[in-house]
Amino acid sequence: EISDGVVKIGLMSDMSGTYSDVAGEGAAVAAQMAIEEFGGTVAGAPIEIVTADHQNKADIAANKAREWADTGQVDAFAELVTTSVALAVFEVAKQQNKIALVSGSASSPLTNEACIPTGLHWTYNTRALAVGTGSAIVKEGGDSWYFLTADYAFGEALERDVSAVVEASGGTVLGSAKHPFPASDFSSFILQAQASGAKVIGLANAGADTVNAIKAANEFGVVAAGQKIAGLLVFMPNVKSIGQDVAQGLQMTVSFYWDMDDETRAWSQKFYEKTGKMPTGIQAGTYSSVLHYLKAIEATGTDDTDTVLAKMREMPVEDMFAKGGTLRTDGRMVHDMYLAEVKKPSESEGEWDLLKIVRTIPGEEAYGPLSESTCPTK
Amino acid sequence: MTDLLGFPPQVLFGQLLLGLINGAFYAVLSLGLAVIFGLLNIVNFAHGALYMLGAFATAGLTTYFGIGYWGALILAPLIVGAIGMLIERFLLRRLSGVDHLYGLLLTFGLALVIEGSFVKLFGSSGLPYAPPPQLMGGVNLGFMFLPWYRGWVVLAAVVMCLVTWYIFEKTKIGAYLRAGTENPKLLQAFGVNVPLLTTLAYGYGVALAAFAGVLAAPITQVSPLMGSNLIIVVFAVVVIGGMGSIMGAIVTGLSMGVIEGLTKVFWPEASATVIFAVMAIVLVLRPAGLFGNAT
Amino acid sequence: MAVMDNHELGGQHLSEHIEELRLTDVHAYYGESHALHGIDMTVYRGELVTLLGRNGSGRTTTLRAIMGLIGHRTGSIHIKGEEVIGMAPHKIAHLGVGYCPEERGIFASLSVEENLMLPPQVCAGGMSVAEIYEMFPNLAERRKSQGTLLSGGEQQMLAMARILRTGANILLLDEITEGLAPVIVDTLGEVLITLKQRGYTVVLVEQNFRFAAPLADRHLIMDHGHIATTVLKDELEEKAHVFEEYLSV
Amino acid sequence: MNQSPYILETEGLTKGFRGFTAVDHVDLKVKRHEIHALIGPNGAGKTTVFNLLTKFLTPTSGSIRFNGRDITAAKPAEIARMGVIRSFQISAVFPHMTARENVRVALQRKLGTSFQFWRSVKTLNRLNERADELLDMVGLSRFADAMVADMSYGRKRALEIATTLATEPEMMLLDEPTQGMGREDVELVTELIRKVSAGRTILMVEHNLGVVSTLCDTITVLQRGSILTEGNYAEVSADPRVKEAYMGKAA
Amino acid sequence: MNTKLAYLIAFALLLMAPLVLYPVFLMKLLCFALFASAFNLILGFGGLLSFGHAAFFGGAAYITGHALKVWGLPTELGILIGALSSGVLGLAIGLLAIRRQGIYFAMITLAMAQMVYFFFISADFSGGENGLQGVPRGSFLGLVDLQNNTAMYYFVLGVFVLGYFLIARAVHSPFGQVLSAIRDNEARAKSLGYDVERYKLLAFVLSATIAGLAGATKTVVFQLASLTDAHWHMSGEVVLMTLLGGLGTIAGPAIGAGIIVTLQNTLASGPLSSWVPVVLGLIFVLCVLAFRRGVVGEIQALIRKSF
């Protein structure tokens, strides 16, 4: 019943570039951990994982994905950080009818206009980030916003999503400055944001851009003067590289934090022993998506795409990452998100004790109803 | 309070000043490139990676040896300069006598190796670094809040530029360097130790890059890829100034910072390309660059 | 100092006994092509020796080999008693050797004056700048101009003047009269006579036999990368056939 | 065709370099089918005049007429295509091509196929015969297939002349064609110039008075950028000013 | 004679290759081989190091992608438009850059390519960092469905052979002769009556057009155009390919491209997967230091020595 007698997962990530910290080899380790939980076999067949470094290049990803699907007996793709890669692999997955488990990419279109029947978007998306951070901050009184937006599709999407949330919650958006991507100096944009008089400066960017913007804001005394910084896509490694004393008080939406409950702590400890780092949400999400996929195979006894997909949709996602998560027909995995805040250095008890969870955002609220999805095949 | 082109004058002054500060980085970086190009006739593609090394050395000195910013300001350029001298001595020197383009290619490869290794060693997110306590805070200039640290950056960079300019244009060493650029063999036949001169010049250029790295560490993310995109802009600055021209590098560096700064106000989307556009215009009008001599 | 010594000793007379330059079985290669095939020659202090020969006979290469400017060379070269075959060019220069290359090698990024002042002093007793400007008034006039903007002949003067300043007392001169107006050639001839009187040792590569003949103590005739024969100053008449044979004069 | 006896005329030709006037109101007239020499002390401006005539430099003022046509504003390559070809004071060859290919590059322009990247290089083989002839003329037939980079200086000069001849110029400008050559070669080249001067006009800069006296019909002496005197060799060499400024004892 | 035989063997191997090797990989290889060969025309034979060829490769990729996906043009026409627009872009950049040589030329092309890159990041039609995805492969002359990998392969092979021989011919043409003369001594070429800038410009435009052809074809193969194609790293990679294979040799760049693409592909999923940039960098360094003539150049030298 298992094609080629083996269940093979092709995990593709950025192993050497910008995203190698938040996804990369750690994601491969996480997937491996899911396989180990099955003892290496599922439905009587061995489970194998192959990995590749797509180097953030869509053509390498497309090439690998095609090759794996055509000649490598790969049954599902996993991780897929960077939207261009995820989209390229979606194209292959659609043609070859393979399951694509997206964990790393944040792009909302993956479950909207660019959705495919076999594509599952697991960890987070820009909308969830917007809802978490946007509504929480407006609720606390941060009702006028100014955005620093990276001048490319992702930045614009993020700004659009957050603006909608802010306005829906009764706040106003005073304006935005588009900065080049990547930009090394933010002082000029910070000054513009300062001059706008907005209560909140929203950073619709990611990675080094976010870090640089926050460092500049700190230097120019933005927070001291009463404005608030909202990082819309911040990962733990980013917080570490900003430094806790600068980042303290920063609020952000996360899909996962290692120190949430006993389960996450136990799993993260295991992960830490293998990698020397605590897991990020992308890495934990990769674990969850692979685990759920294997569970469905175990339950159905086959690796046939349609059967497995149906089973995955039918079963709730239940593991240390997601509690009672559900898979929608547009491919969205709906699960709770969390609003977290960076701890003060004085509150922190160790190198990795960086965040505290201030609010749980129910999955429905974070991802919105299925009716809002523009996915044609939903 | 009248508006200038729709912006209150404070904003404009502030942006001008910030542009100048950024220009200071361009100036120091392009100066290093100009020095290296001057003597070795090599476009040092590894300049961005060495700038990054300077910033990492700064962060590393604090993390691992407890040496603070001021110590790093001296030590990091020395360390990285020494690395540069090793690179020159064992790699670049082997290229003497072949087309200078090979130097560009070699340093391009080196940049890949250095940056790639650092991603592996330190992760892509990099290390945290804060400004020295003496320069925390800032002063309100009326039209803007100027962090002390930014003020220091301009000062340090300008002093460094002037010192370098003096060495190269006004001393005997400078004459050797210029002559060595053209015909190193003959200069050596006159009794000048050209190989040593070359090594030192490369070391100096690299140390300038590292110096810029130290200045940058407290204000930008200290990460392995921090120099890889910046370097292209700096190349454009050098071309505008006229390659190998020390004065050109300094003046163009500062003024490109200002132009870029103003673009960020009036047309932020274009701020990434404005320097390249200026370059195109300059090349049409003066093919050798603003300060280059047409030959 | 060295010049003073020579003066006191009366240069000319003792010169034949002090070896300044000795080449033994020197071979030189440009890549795979073998340009010098075993050069043996000795030059004594205070002597002026010419290297004559057809184009491509290896005269320039000999000078370059002495200067250490040829990547691949074998054999033995002694300058003032020191073996220099493995030595870097800048060290050789500091033994008191001045080199005036065939292509002149004026630096474009330096002014005339900077060009003149560029080579470091290698021995005491070089000419002063004033003396040089007196000898080559053209240079004084154009001293602020960019080196390579001089006319061909002016550049030649500058190349020569440059090494007179350094105090080098072994001069390797490659076709210095090339492209010069006859008046300047005359001046140069006088300069060489003065230098000889001061005890300088000169190796002169020349095409202009009329210029070289009255100046030289010996003529070394080169052919296909080796020294074919030597003609002494006083043998010029009787050995005319040698010139016929090798230079087709 | 213009029937003026002069093929090339300049009027008030002047070139200044930042305050220094290298060429100062020169009225040079070169008669058709003559060998005309330009001599003068170093720095007199001879090479500069050449550069002006071939538009490698732009005159500060003055005009240049070739065959009655004003060429003051023409570009170097245009001038070359009108039939005025120059050689350089410092040897100018294509070092990474063979001697034959060097000459062929000059020959092929007339075929008018030089922009045709879709044609085979074999279409140029019909020029080989003429190329070999030209090489033979300058005594380089043995080196037809040799890489020019490996040739000695003198041979490069000879090759340069062959290449210049290949374009069959109506007028040749030679800047010190015998510089750096042995006597034997000097004679060879002198003969060569005489041979090719038939039906052509030659303007040359030369320091070798032997060559000038045997070869040239008219001599213009330049000093400090202006014309000092003009005439045949006997006239010029008898002029005491020329003796003092240029010829010295040699005259 | 020998080269003809070698070409015949190579062609036969290429015809049979998809039986053994994965066709998509082979197509990628061919596209890069063509790209490197086009690049070599300007570096190896024109003596000008362009550090901005990614602009032509990536530019054509986007234009073709847009033409096929949005305008719905037939595949061949889409590719043609992509290649031609790269030619036009080459003309624009060339007019500016051609006036300088050597390192200046490299810097100018790099800067201009960077502008093109930023344009594609922020332009609407190019999809920002997501790139253009889902470009239809269409069919060849409306007859053969190119969705089939094997059919697509032979189509790409055809494009490659066409482009490759155009380059080889250009090198061995009257134009090629003038080009190498200019590379050797520009002033002399000028004095012989050649408008050197026009020759260099033509070489540049030719090179840009064929680089565009390669980029356009690649878009059809992978059905996407992305920023990587236009990024300056791509310009660096093509230099590496050319250098590794042998600068100024006709076949070298294609072979160099083959090696690099194979390496990237193999390394991507091996134990060294996270070291790809470092490995590429090391090859660069090694090549420049010890292996300057490249694979083909070294082999030629070896043959010359032993005969």
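Going by the order they are written in, the chains are A, B, C, D and E; count residues from 1 in each one.
Keep in mind that, in the parts below, a contact is a pair of C-beta atoms (placed from the backbone, for glycine too) under 8 Å apart; a residue touches a chain by one contact, two chains touch by 3 or more.
This structure is a prediction, so every number in the text was calculated from the model and none was measured.
The chains that touch both chain D and chain E are none; no such chain exists.
Touching chain A and chain E at once are the following chains: B. Remark: among chain pairs B-C and C-D, C-D carries the greater number of C-beta contacts. When chain centres are set by their Cα atoms, the one at the greatest distance from chain B is D. Across the assembly, the mean Cα position most removed from that of chain C is the one of A.
Centre to centre, using the average C-alpha position, chain B and chain E are separated by 32 Å.
In this assembly, the C-alpha centroid of chain A lies 74 Å from the C-alpha centroid of chain D. For the pair chain C and chain E, the distance between mean C-alpha positions equals 52 Å.
Averaged Cα coordinates give chain B a centre that lies 48 Å from the centre of chain D. Chain E has residues 118, 122, 274-278 in contact with two or more other chains.
Residue positions of chain D touching 2 or more other chains: none.
Within chain B, residues 116, 119-120, 269, 272 each touch two or more of the remaining chains. Chain pairs that touch one another, listed by label: A-B, A-E, B-C, B-E, C-D, D-E.
Chain E contributes residues 166, 169-170, 172-178, 180-181, 183-185, 187-196, 198-199, 202, 206 to its touches with chain D in the complex. Interface of chain B with chain A (complex): residues 8, 11, 14-15, 18-19, 21-22, 116, 119-120, 123-131, 137-138, 144-145, 147, 149-150, 218-223, 225-226, 229-230, 261, 264-265, 268-269, 271-272. On the side of chain A, the complex with chain E involves touching residues 15-16, 20, 24-25, 50-60, 62-64, 66-67, 70-71, 82-84, 87-88, 90-91, 107, 109, 114, 151-154, 156, 180-181. Taken together, the chain A residues at the contact with chain B in this complex read 16-22, 151, 177-185, 187-189, 191-192, 195, 207-208, 211-212, 215-216, 219-221, 225, 235, 237-238, 240-246.
Looking at the complex, you find that chain B touches chain E at residues 37, 41, 43, 91, 94-95, 98, 100-102, 104-106, 108-117, 119-120, 232, 235-236, 238-239, 243, 269, 272-273, 276-277, 279-280, 283-284, 287-288.
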